[in-house]
Amino acid sequence: MGRKLLLEHIDVPGINTFDVYRQQGGYRAVEKALKTMSPEDVVEEVKKSGLRGRGGAGFPTGMKWGFLAKPEGVPRYLVCNGDESEPGTFKDRYLMTHIPHILLEGMIVSSFALGANTSYIYIRGEMMPQIRIMEKAIAEAKAAGFLGKNILGTGYDLEIYVQPGGGAYICGEETALLESLEGKRGNPRIKPPFPAIAGLYGCPTVVNNVESIAATVPIINDGGEEYAKIGIERSTGTKLISASGNIVRPGVYEIDMGLPVEEFIYSDEYCGGIANGKKLKALVPGGSSVPILPANLISKTINGNARLMTYESLADGGFATGSSMGSGGFIVFDEDQCIVRNTWNFARFYHHESCGQCSPCREGTGWMEKILHKIETGKGSIEDIDLLWDVQRRIEGNTICPLGDAAAWPVAAAIRHFRDEFEWHITHPQEALSRNYGLAHYADPIAPVVQ
Amino acid sequence: MLSVKENHPVEFSAELLTKFAEVASRYPQGKQKSALLPLLHLVQAEYGWLSTDAMDKVAHFLQIEPIEVYEVATFYTMYFLRPQGKYNLEICRTGPCCLVGAERIMQYIEDALGVKEGEVTADGLFSWRGVECLAACGYGPVLQIGPEYTFYENLTEQSVAQLIETLKNKAQTEA
Amino acid sequence: MAEEEVKFRVTIDGIPVDVAPGTSILNAARQIGGDIVPPAMCYYSKLEGSGGKCRTCLVKVSKGSEKDPRPMPKLVASCRTTVMDGMEVQNITSPEVVDARKGVVEFLLINHPLDCPVCDQAGECKLQDLGYEHGAEQTRYEFGRRTFERIDIGDKIQLHMNRCILCYRCVYVANQLTNKREHGILYRGDHSEISTFIEEALDNDFIGNVIDVCPVGALTDKTFRFKNRVWFTKPVDAHRDCPSCSGKVTLWYKGADVLRVTGRKDEFGEVEDFICNTCRFDTKQTNDWILEEPTQVDKESVINANHYYNFNPPSVITENPTLQEANAEQLARTEKLK
């Protein structure tokens, strides 16, 4: 059983209230940081912890904080990214619903570290109940003297506000989020400058994911080194995994980095195996934008090593045979699922969510969706597969923001690993409309490639 | 192009304007445009949708040009530029929910309400649409109903039928 | 002794140039000139904040700088990337760049109506030029093209949303040159559109400049609509004493009649001065103007030569089979003209 850092008190009744959270040792990190540490000390602990951004990119949080410009007389901002919209990911919703105060505590500690006196929690508008929960938590913390002027008599001032989004996946991209927070369309900015230099209102800004900010609480309480003892290599600490799809026990799980993927899927402590006694066909381990893996590349990497829940192991094999940790959106496909239909579904999602600023994404995502729909509905040709490959290839890397890549990767990976399923849709159009391709050979063992 | 041309004049209540002012106070001096998204949510919660006149008045309140409001209101999917049903059922239609039957639920809702996606039932009570991932993939299929975006999880045809029934009764009691 | 001006040396397709710090790669390339200048559909030097969107100007930075020689991991928009000292850039000498650009042109064309025969922009259209230079002969797009409802935005400017490539230049003009912001972008993704919402007419003394900055035929001059093809008209530079603008324009003659008035455009298609609506729409008598001389029109322009100019690449391309392959269409252009 892994250690729980974020969800330790999840089962305590009333943990969503300030009083119960406080009784369970909550807000110790605020006391410790504000009373006994300097902002630089806090940054140093986060650096030592090896914490990497939990929103998807996996960039070291301490390093990101270190980039923050600190010109005299210019306010600095911390903005929490609670726009959680990556298909397969629902951990931030879970955390904010059940333990809102751990996010708030992390916000106070992080704001103190960065020298921010006003911070915003940007939450997607559809999560109106979570917005209400966070607003209530802020009011409680403020009443208890943990927010506002002169917090705990330390002289540190901080106000935190919740900002609702309006319904746009792209606002999870940090510069689009800042545009949205400024009351504009969620068009990603062209970088440089990066937010650390010119972010919200042109001021130095750090944007961090909900889970990353919450993770600073155990880091400050126990020290960065203690946090870094959990996990393997550069994947330290615990990670919230959102598990969905055809599994017995979907939900949010906090795991130690380094847990074997196989154990996560089949152990009763986590997913509990594939639902309805079916067989595993495929896995998207990190949210819809990361490459899909066929059954025979899930438990073991191409080298025959056990695949682990770490940034490194999930990416082992590169795009050819690996995937990515992404945001930890763990989507499991059983043998009855159609990869073509799912790829079309994801392509439609990215087409729908493209902001429309740059040409390859605006035009290319719609084109991919149309080709995939054509194949899925039995009207495709073999040339369409090559065309689809060519379109995704020319979107990837050529857009303003990563949405273009996010749209291209799942299509590329589906063709790479499941090409014969696409071909079957084309050569057997009638049959493909009435039944699924099934597991086929996707679980067949592959000979390990030893380097 | 926006099809709504007829004028739907609105008069914001003093209560709503107070809420506007509270929201606007969250941002630094001169950055009140930041209040735009929250204000549009407040207006929509009040009227059910955003008429041109309502948007113009929001622009006036924030001292920005109307086009700046239109640009935002048309960019984000949560804002309605025409009236919806009293209960607007928004069903997640993205991958993970589809793995557990969201497409079947959408079909069921279409049949049960007898209107196509985006249309409003004759009695004005219901409309429905598929929306993209609601970040609740582990509880799918899911749907939400504004303006408080109440959540309904692990939907089955039976639970949806029951929900529709409950909403009909609720509307009747309120009427 | 005067302080020596700091200059950064950047090499583009093997050609070095010294430029002031802060210069973009695109503008450094423009200082060199010729075929190594990346095309730009959305960047406009006179409009602050423009650029970065169309992705036609993508280039490869094969060496970041003298201090940090690492190459940049992705292709970058040359219009929005500033040069570093010692930077080395590949444009038409990178097959990757040429391929990406072909991809962008294809993307821009899949939903374009290709109604050039009835489009007033034909002959001075950047998308037409790009399609000619980088496009495939046949489309690979077999689906219905996106269309928009027609919107009337007044009696002076014609909006054809179907042709728009969403470069945002007109929005920047409306924001930066006019006092009131009425022009904007509505909706999102591939259904984004330029609009004034609820058919509100644009009235501002400088709004006519949206016509000159539009790289395609999305915004054209209604007072010139269907009057003539641009290559049958003769441009002449002229000026007048105008109380609101510089009064420096180009008059487009057919015989003795002035059919159209535009700003004066440089070799990159940008106007030298933005002109007012009175000069553009309401001053169409020769008597109103002091004529200067026939406008110098770029040799590449069909307006001048009735055909496109020879492709004149750096010698490295003619010596390298891979680069020849990458630039096949461009090289064929020269062959066709022989």
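As written, the chain order gives the labels A, B and C, with residue 1 at the start of each chain.
The definition used in the following text is that a contact is a pair of C-beta atoms (placed from the backbone, for glycine too) under 8 Å apart; a residue touches a chain by one contact, two chains touch by 3 or more.
Note that the coordinates shown come from a computational prediction; the quantities given were computed from them, not determined experimentally.
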| item | value |
| --- | --- |
| Chain pair bearing the highest count of C-beta contacts | A-B |
| Chain occupying the most central position, where position means C-alpha average | A |
| Computed distance of Cα centres, subunit C from subunit B, in Å | 40 |
| Subunit A and subunit B: spacing of chain centres that average the CA atoms, whole Å | 26 |
| Touching two or more other chains - residue numbers and ranges from subunit A | 168, 185, 352-353, 355 |
| Of all residues in subunit B, the ones touching two or more other chains | 68, 71, 75 |
| Multi-partner residues of subunit C (at least 2 other chains) | 185, 187-188 |
| Complex contacts: residues of subunit C adjacent to subunit A | 51-56, 58, 74-75, 77, 80, 99-100, 103-104, 106-108, 110-111, 140-141, 143, 165-166, 168, 185, 187-192 |
| Contact footprint of subunit B on subunit A as seen in their complex | 75, 84-90, 92-93, 118, 124-129, 132, 159, 161, 163-169, 180-186, 201, 242-246, 250-252, 288, 329, 331, 333, 337, 341-342, 345-346, 349, 352-353, 355 |
| Contact footprint of subunit C on subunit B as seen in their complex | 1-2, 5, 52, 65-68, 70-71, 74-75 |
| Parts of subunit A lying in touch with subunit C, wherever the complex brings them together | 168, 185, 190, 351-360, 362-367, 370, 387, 394-395, 397-400 |
| List of subunit B residues in touch with subunit A within their complex | 26, 28, 31, 33-38, 40-41, 62, 64, 68, 71-72, 75-79, 93-96, 98-100, 131-140, 144, 146-151 |
